[in-house]
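Okay, so subunit A shows up in both of these, paired with subunit B first and subunit C after.
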Partner chain A sequence: MIRSLLLSTCLAAPAYAGEIWVTNEKDDTVSVISTETLEVIATYPTGERPRGITFSKDFSVVYICASDSDAVQVMDPNTGEILHDLPSGEDPEQFVLHPNDRHLYIANEDDAITTVVDTETRAVIAQIDVGVEPEGMAVSPDGKIAITTSETTNMAHWIDTETQELFANTLVDSRPRHAEFVKDGEQMWVSSEIGGSITVFNTADQTELGKIRFEVPGVHQDRVQPVGFEFTDGDTHAFVALGPSNHVAVVNADTLEVEDYILVGRRVWHMAFNADKTQLFTTNGVSGDVTVIDVASREPLQSINVGRFPWGAAFRP
Partner chain B sequence: MKNFTQYSVLFCTCFGMSAQAEVALDVTYLSVFEAQPPTLSNLDAEPVDIGVAGALTGLDDNITTGRFLGHNYALNVVQLDDGDDAIAAAKTALAASPYLILDAPPAMLLAIADLPEAADAILFNTSSGDLDLRDSACRANLLHTLPSDKMRTDALAQFFLTRRWDDLVMITGRHPQDVSYAEAMRSSLIKFGLELSSEKTWEFDADMRRAASQEIPLFTQDLGDYDVMILADELHDFGRYVLYNTWEARPVAGSEGLTAVTWSPVIEQWGAAQLQSRFEVKNARDMTSQDYAAWAAIRTLGEAVTRTNAADPATLRDYILSPEFELAGFKGRPLTFRSWNGQLRQPIAIAHPRALVAQAPLDGFLHQVNELDTLGLDQPESNCEVFQ
Partner chain C sequence: MTPYLTVLVAIITREALRFVHQRERFIAALVRPLVWLLVFAAGFRAALGLSIIAPYKTYITYETYIVPGLCGMIMLFNGMQSSLSLVYDREMGSMKLLLTSPLPRWWLLICKLLGATAISILQVYAFLIIAALFGIKMPVAGYVTVFPALIVAGVMLGALGLLLSSFIKQLENFAGVMNFVIFPMFFMSSALYPLWKMAESSELLYTICAINPFTHAIELIRFALYLEFNGMALVWTVLAGVVFTVAALWGYNPARSGIRRKG
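This part shows the complex of A and B:
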C-alpha cells in the first residue's frame, strides 16, 4: 500500500523531503521524523495504544488505529489535531485503505472481525467474521481483494471487496502478522511470526508459490520472527523485520532467497521508506527507537529516539 | 458428579471452503476431586472452574478456526465430587472419545493412563508438576502441557545464577507438594552449580496472620546472611507471611515473592494481552497456570486437526510429536513437545504479583537441541523409555 502511495508521490514531488510518522504504542503519541534531518520534528498525542497508521491518498489526513480507545482517529497531519474518530469496531490493530481512498479495512483484534468503514460517511458498511486475532491487512492494487490474517487461526482470509464476503481461507505458519500484495497484485505475501516464515501465494488461485525462511547467524531460530515487510522499487527486494532477532532481512523477491541481514534496534516491528526509497525506517519496539537503513549499501545509518514502544510507520511527502 | 455440561457447537458453514471433508473432534475434560489441607490464610479462594475455563477458551479458538475448514469441536466437561468414582468416569469418557484432558493427582493420572480403554487414547496432564510422571513413570498416552516442577525450579536457578545470587537458603513446608518442590529446587541448584548454605523446615502451629512479625524474624535469624531466601510452600500456607518479616533484609523467591510460573496475569508480551483479555471477558477472573495448561491441551489438539485434516488419535499423536508441530502459545517462541517424554516445551515466566521480571530460558543458557531444554528433565538424563 505504501508502495502505491510512494509512486504517486515521486511523480508529484521532485524534492526528496518528507516525514516518517511513527505510532508509539505505550506513549499514546505519534512521532514525526524528518527524512532530511533524521530528527523528530513533532510529537502529537493520540488515543490509547496507537498502532496501525496510514495516510489518505492525497496525504490530507492520517488515520491512526487507537486500539484501546476502540477507534480509528483521523488527524490533520499539518496541525496534529484529531479531526474526528471513525467507528472501527473493538480493538482496531491494523488497517488498510482501499485504492478508492474511501474504504478502510480494519482488523478488530479482540473480536475476530474485519470491519469495513466508509471514511466519508463515517459509517460501518460491513463486518466480516474472520479467524481469532485478526491482524495483517492488505488490499490488491486493483482493489478487488482484501486480506486479513488471523494470528491464532493461522490463516489468510481472502475478502471479495464487491460482496464483502470471504471467498477463500488459506493456512499459513503460526501467528501470521502482516500481508502485502506484490508485483501488481500477482502475488500475496504473508509473514508468520512464530512459524518464522513468509508464505508467497499466487493471487489468481490462492495456491502457495513458495516459502521464505530466515536464519540469522548467532540468533536462535525461535527468536527469528518475521513481522512487517516492505518492497523496494519495482518489487525486486523485500526488507523483512525479524522481531526479537533484532535484524532486518533483505529478500530477493524473484528467487525468494535471503541476501542479507541488517542489525537494527530491539524487537523490530514495521517500517516505511522515504520518498525515493533510498532510506528505510524501522520501528524497534523494545529499544524505543527507529533505525535508519541505507537501502543501497544495506547498512544501518543511525538510530532516532522516539516514544515508548514504536509500532507502525508511514511516509508522507 | 456435578456440572455435567456439554458444550457442543456444530458449524456446517464452510465459508468458501467447500472441498474439505467434515472432521469432528470430541474431547472430555475430567476433573478429579482432590481434598486440600487447610492453609493459614483464606485470602485466595480457588476458582471452581479452574482449568475448565481455560479449556473452554481454547475450544472457542478451535471452533473459530474450524469453521473455515469444516472442522467441528466439542468439549464435555465432567467435574467429580468427593467420593465419585474417577475410574468409572474416565471409562465412560474414553468410550465416547479418545481425547481426555485431566485435572487429577499423579496416582490417578497413572491409573487412568493404564486403563485398557486408554491404550490408544491421548491424555493430557494439566494439573501435576510431578517429575516422575515425565521420567520413569511416564506413559506413552499421557502428554503434559503443565511444566514439571523441575522446569520451574530450573528457571529460578538460571535467574539466581544470572544475578550472581549464589548464597541461598530454603524453608520447606511439610506437605508432600512442598517436599517435592524442595527436591526439585535442590536438583536445579546442583544442575546450575549453586548450593544451599542452610535449610529449615516450617514447623509452626501458631496463627501467623497475627504472629508473623514476632516469630519469623527469630525463626530466620539463625539462617545467617544469604542472598535470597527460597520458600517451598506450594500450597501457599505460610509463605506470604515470611516476606518483609525476615531477620535479614533479603528477597524471597520460590513459592512466594519471585516465582517461576506457567502463566500469570502479569504476562502481556507476545500477544499474551489478547489471550488474557479473551479469557477475562469470558470468565470475569484472571487466567491461572492450570487454565493455561488446559488451554494449551485443547489448542494442541486443534492445531493438529487443522494441519492434518484428521481426527483419529494415531494421526494426531504422530503429528503432535513430530518436528512439524508448533503451537503459538503467547510466550514468544513456538511451543513443541519433547518427543521422548511428552512434555510441552515452554518458556517459564519469572514474575512477582505485579510484573514479569524475566523469562526463562535466560540469555546465555544454551543447548545443543533447543534452549527450552535447559528447563526441566533433558533427554540424556530421562528414564522415560515408552516414547522411543
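This part shows the complex of A and C:
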C-alpha cells in the first residue's frame, strides 16, 4: 500500500526532462525515449548490430559500438547523423569513456584485445592483450585504472591507464560481462552471467570482498544470469539485470544482500537512470521493449516498445 | 423513513446479520479465492506467460492478473449463495412472511438484490486487503474507483442468482446450478486467462467467452482497479443486469410463481 502511494506520488511529481537512448541489436537503430512522456520520440539508423552506447561529457556526441560493422560510430544526438567512425578494432561490443572525455577503452570480442582510441585524433593509441572474448569495460573515477572482463577466460583484467599495460588479473565466476567502479572507486564489481553472481573487489589491492548470488522465486537457477547493473544515488543500492529470468534485482551495496526482485520484460540486458535517478529504464532484449521502474517504490511502471532486441542504454539530459 | 426505505434497510440488515452470524460462510467465501490466488496461481505462474494487455502498462505476474477474476468469482458465488438462501427461505416458509409486506413484490426483490450486492462488496474488499498483505497490490486509487464497478457487477450477478432461484423449486436442485451455471461462467471468461489465449486454441470458445456477461463484469472490475474505464464492459454488464432483473421479477410474478401455488 505504501509502495503504491509512493508510486502515485512519484507519477504526479514533475520529472526532469531528458532522453534515454537505446541501441536495438537486430534493427540496427537507436531509439530515443523521452523521460517525461515515456514515449519513443525518435529512431535513428546506425551501423550493424549496435550494442554499447555512451555520451561524451558535454553530451554533444554519442558513441555507439556497431559490432558487426567493426566500428565505433560517432553520432550527433541532435540530428541523428553519423559524423564519423572511430577505428575500433574488430567486433567492438562494449566500451567506456575515460574521465578525460577523450580516450575510449573498447573491448574487441573476437581479437582478445582492448583497444584505446583517442576520440579527438581518431587514432588508436594502444592495444592491450587481454583474455578471450573481452566484453565488460569500466574505468575508475580518478581515471587511473581501466577494467576489461573476458567472457571465456573468466577474468577481470586491471589496466594501468598511464602505461596502458595490465597490472593485475583476477578470477571471477563464469562469463563476466559487465564491470563498474563504485563508492568513489574504492570497490569494483563484476557480474558473471553463467556463474550467476557478482564479485566485489577492493580496488586498492584487488582482493575479493564478497560475492552476491541471486535466487528469483519461481525461476530456474539456470535462467538467473546477471549482466548489466547500475547504482542509485550515493551508491546505496545496485539494480542488477538478471537476463532471461526477466527480473531486476535490488542489492544493498553495503550488506551485499538482495532486497527485492522486480519483474520486467524478457531477457533484460542493461539499464540507465533518468536525470534525478528516480526512474530506471531497462532494455529487454527478447520482448523488444524498455521497462520503466520507479526507483523509490521499486515498482515497474510501464513498458515501452522500442526496436528489436534492445541492448545498451544511456541517458542524455 | 418511508416504508420503501424501511424495507430496504430491514432486508439489508437481515442479510448482513445472516452473513455475520455465519462465520464459516465468511471464511469459506474468502478461502475459495485465496486458494486460487496463493496456490493455483503459484503453480501456473510459469506455465502461463502473459504479454502486456490493457489496462496493464507493463509485465505482471499471474497472481496480479487473476485478482479481478477472483473478485468476480466472489460475487458470482455470493450471487448464487443468495439465491440458495431464497430457495431455503421458500422451503422454510420465511419467504411467505416477507411477502406479506404491503409493499410491491418487485421492491422486496430489489432490496434483496441490493442486500446481496452489499455483502459481495464487503467480501471483495476483504479479499483485496488480504491479497495486498501478500504483496499483490493495485494502485491505491484503484481501490476506490473499483467500488462503482463492484456495484454494477454485484447487481448483475445477484440478479442472475435471483433469476435462477425463481426457477428452482427445491434445495436439492441447486447442485445443478453449480455444474451448469457457476463453473461454465467462471471458466469461460477472462477470469483465469486473457481471451486472446483462448482464441489461440478455439475460436468458438473465444466467442462464447466474449459474450459471457461474467467476462465483461471482470473486465469492468479489472479496468476500474487500474483507474481506467471500459465502456463496452459497462454496457454489457448493465444490459445483462437489466435482462436478469426483469426476468427474475417476471419469474417471481404471483401469476406464475410457485409460491402462490404452494400458498
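Keep in mind that, in the parts below, the second predicted complex is superposed on the first by the 302 of 317 C-alpha atoms of A that agree within 3 Å, B and C clash if a C-alpha of one lies under 4 Å from a C-alpha of the other, contacts with A are read in each partner's own complex, and residues count from 1 in each chain.
One rule holds for everything that comes next: a residue touches a chain if its C-beta (ideal position, glycine included) is under 8 Å from a C-beta of that chain, and two chains touch if they have at least 3 such contacts.
All values derive from a computational prediction rather than experimental measurement.
In the superposed model, A:Asp110 makes contact with subunit B only, not with subunit C. Of the two partner chains, subunit B is the only one that A:Gly195 touches; subunit C does not reach it.
By the touch criterion defined above, A:Leu263 reaches subunit C but does not reach subunit B. Look at A:Thr291: by the touch rule set out above, it reaches subunit C but stays clear of subunit B. Touched residues of subunit A were counted for both subunit B and subunit C, and B has more of them.
In the superposed model, A:Asn246 lies in contact with subunit C only, and not with subunit B. Shared-chain residue A:Pro300: touches subunit C; no touch with subunit B.
Once chain A of one complex is fitted onto chain A of the other, the partner contacts of A:Arg175 are limited to subunit B, with no touch recorded for subunit C. Across the superposed pair, subunit B and subunit C touch subunit A at no common residue. Those residues of subunit B that touch subunit A in the shared complex are 15-17, 60-61, 64-65, 68-69, 271, 274, 277-278, 281, 306-307, 326-328, 332-334, 370-372. On the side of subunit A, the complex with subunit C involves touching residues 1, 3-5, 7-8, 218-219, 246, 263-265, 287, 291-292, 300-303. Within the complex formed with subunit A, the subunit C residues making contact are 42, 45-46, 52, 57-61, 132, 137-141.
Against subunit B, in their complex, subunit A makes its touches with residues 109-110, 112, 129, 131-133, 150-155, 157-158, 165-169, 171, 173-175, 193-196, 220, 222-223, 244.
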